[in-house]
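The following blocks contain the structures, represented as structure tokens.
There are two complexes below, and they share chain A, which is joined by chain B in the first and by chain C in the second.
After this line comes the complex of A and B, so read on.
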């Protein structure tokens, strides 16, 4: 009795959805989450439904499987116009024809399906999906010493294929801390979808960054709606989800200029511009983060998005991100339009020297994608990949 | 007898405050986002959902601390509230050094948050944890100077004396900037908005990034309870606490607490969060000197006219 009453209650909560966004689906998915019936989860740990939206690369499938297994029970998956073969087992599929006129109907269908899945899941009608991968360590244990800690004294070694952190000088202040190398992406919610970075961090300062997979191409539109969505992402990162939501609503619906004006005023009053340090993320021809933010803000005042000159050849994330602290780096990553970002995130074939310096011998073990089941292993690789990293 | 009554009032205060905070925490952001007011059932439904979700174990977590952290956070919120008087002799834990007790609750909150982020054994959670330590420490320092400024007119560290000293004029009039600084602490200690360095968006939930189900629910409950406590402390130190005409002191305190709580939730939704390094320099080079200056001003004021 009591249990079924509880289940009914749970069904009234908005469906908590973790989403992996594929090719060309970013803006649609973001507009979808303006609806109060669903909630976008920051991590698979908080979600009940895994939404895979749009076409995925072959190499992303393994990450999707790992993400799936990171979700707590009860859980379900919805493939929305996604082509992932058998990677997700026999997950529910929802397809649509890509007729521009049909988009709102297709979006409504996706919303309906998500709420129905949550209703079925919460009252126990739909069984929770089992793990897709085996629950085993990603790599064999390779540490040495009585506790497998390896290397010199307490440090060193490569337990489970992950090198132990050793001290090294910090880029910013020369304080010797433990550098930590991991892969971040490709479906980390604050990353552009598809982008997989291998980064070395000291504390929260990025020491080196290397692009392993570029972001998935998105519909390159250069209109006010796209600018508003970009603004919404930055607002979310600045701790202003309320204003982000308003910007998304404005991007989704029609935009009376009065609504936009109030939004613009609220953003100016929030102190967002002051929060951003001048000169942060400056790229030749693109200005710094503050100017890019102000440009987006100007869209709420009715001016059209400004076109910026071509990027200089040398501009790349591997030179832009190092030295930045994590939250600054996330702001910088989200401040470019899709086209500029793709140009900045080209996979470089030849190893740049910076990235090379930090590579230890055990490091290559990252290549063997193991698996992180929800019950235990995966460890650092696994967590960094909230969002799917390896 | 009065202690027993005060303990009952404490439980009542906590329950009413918590329920109100849970509803307001959803309603105010929804209102600011221009949505229709969500049903009060939503918070409850969300809680039930989390209760029925599996609790995830990461690789080699610090399981004991992972359990203890939300409990400690909640306990600190309750202990902090217990030294707040509901009337002239009506306090659950009578203490002549109430401010010190509250101050230690503030300081230990940093430990609770760090424990929570540490124990998942995951990078994003850990970054959230030490980021919070870096910001939390100077923020708590700040609050102590502000509270000493509030205690000066009373010439006592006890909350009852501080309230009684406000019979002529509330502390908010004596030092309005102190209230604003203390509200900032309120945001920091309840992990909210511009001071939420522990669980921000850019870390995919930070300290909560690897927490699911009941663990997450426990953390959310503790966080909201701390919001109630810090609001009550603010109301007591700056808005005259239980003082007020006609209505009983308990009701006055509840009303003032509600006002502070609403202001905190509002402020948590409308102000931007600076990247941590920038916030650090703002706190150390601007806000802390400002709080010294205010302490000085209050002291001089009391010397001249006190």
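After this line comes the complex of A and C, so read on.
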């Protein structure tokens, strides 16, 4: 009785959807989530439906499989105009032809399908999808070593399959504490879709950053709406989601100038410019984050998006991000237009001096075997050895 | 209701709640679900990390100021009766505390990082 009432209430709630955005789909997905029938989950742990929107790169498939398995049960996947081969098992597919005229009809079809999947999931009619990856820790550890920690010595173990961190100097003051190295992205909601960064952090300060995969190209309808969407993302990150939502609505609609003026005034009065440290994220020829924010704000006043001079050769995310706190870095990442960002996020081949490649080989291996995270092979064995041997 | 009944009731309710959690709660997470959420990426190391809480020195400074205020409220009551003597004593107390604040200043507490 009580359980069936809970099921009924759950079915009426908006469907919680985690979305992985592919090529050219960012703007459409952002407009799709303006609908109250679905809500965008910040992480797969809060989602019931995994929406994969748009074409994906071959090397992103392994990450999609990992994200799929991080969702709690019951869960379902919807491939929206996405081609991922057999990587996601036999997930439900919804395709459309990319005709600009019938985008709203295609969006409506996607919304219908998402709400139907959610109703079926909450009713219990639809079976939950099983894990795609094997239930194995990245490194064997159980029952190994004198204390069962997976190795010998203080730092030698791999508890729960991962080595303990060794100490390294902090950029700020040389204090030697534990660095955290991980690959962030390619489907982190505050990242541009497709961008994969290998970053080392101490606390929340970025010590080093390396681009492993560039962001996926996105198609915007026109410059003004792209600028408004960019402004909306920055406002979300600054903790002003209501203003962000208004900017997003303005980007989607036909924008009467009075609405834009009111929006511009609301943003100016919020004092959000003052929350951005002067000189943050400064790039030669592009100004700092504050000037870029002001430029975007000027779009609400009716002026067209300003064209900035060419980027200097040396400008790159690997030199721009280190030293910034996580929140500042996310603002910086979202302040550039798509073209500038892809110029800043060029993959540099020569950086990885020890010849280890976290990408490529690991992924190809799995394409053949059709299983497993790339935790267990390639790059990660190297790191396990690093932890154990020191 | 006497004390023994209360204790029994509290224990019974707690036991019931624990049993309900154990029955309905999440089953053991599989290895792919134990992975921290990084947008699809993987970490190199265990998430068990030591890092410096940078606001730590600032909290010490806060305590120095807060103790000052804590003693000043009752002192304000006594000051009416005692007058100049109470004034002198509070001056000594503040002098000692400000040595701590000057020391913290030298250590760079006011410089946010």
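In this section, the second predicted complex is superposed on the first by the 322 of 390 C-alpha atoms of A that agree within 3 Å, B and C clash if a C-alpha of one lies under 4 Å from a C-alpha of the other, contacts with A are read in each partner's own complex, and residues count from 1 in each chain.
The definition used in the following text is that a residue touches a chain if its C-beta (ideal position, glycine included) is under 8 Å from a C-beta of that chain, and two chains touch if they have at least 3 such contacts.
Quantities reported herein were computed from a predicted structural model and do not represent experimental measurements.
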Touched partner set for A:203, first chain B, second chain C, both or neither: both
Which superposed partner A:72 touches (first chain B, second chain C, both, neither): both
Partner chain in contact with A:186 - chain B first, chain C second, else both or neither: second
First (chain B), second (chain C), both or neither touched by A:346: neither
Contacts of A:45 with chain B and chain C, given as first, second, both or neither: both
Chain B versus chain C as contact partner of A:269, first or second or both or neither: first
Touching partner for A:241 - first (chain B), second (chain C), both, neither: first
Contact residues of chain A, present in both the chain B and the chain C interface: 43, 45, 70, 72, 180, 182, 188-189, 203, 374-375, 380, 383, 387
Chain A residues within the chain B interface of the complex: 6-7, 9-14, 16, 36, 42-43, 45-46, 48, 70, 72-74, 122, 180, 182, 188-190, 201, 203-204, 236-243, 245-246, 249, 266, 269-272, 274-277, 325-328, 330-331, 372, 374-380, 382-384, 386-387
Partner chain A, residues of chain C touching it in the complex: 26, 30-52, 54, 113
Chain A partner contacts - residues on chain B that touch it in the complex: 29, 32-36, 38-39, 41-42, 44-46, 48-49, 51-60, 120-125, 127, 130-131, 193-194, 196, 200-205, 208-213, 216, 269-278
Chain A residues within the chain C interface of the complex: 20, 43-45, 60, 62-64, 66-67, 69-70, 72, 131-138, 158-165, 170, 172-173, 175, 177-178, 180-189, 191, 196, 202-203, 373-375, 380, 383, 387
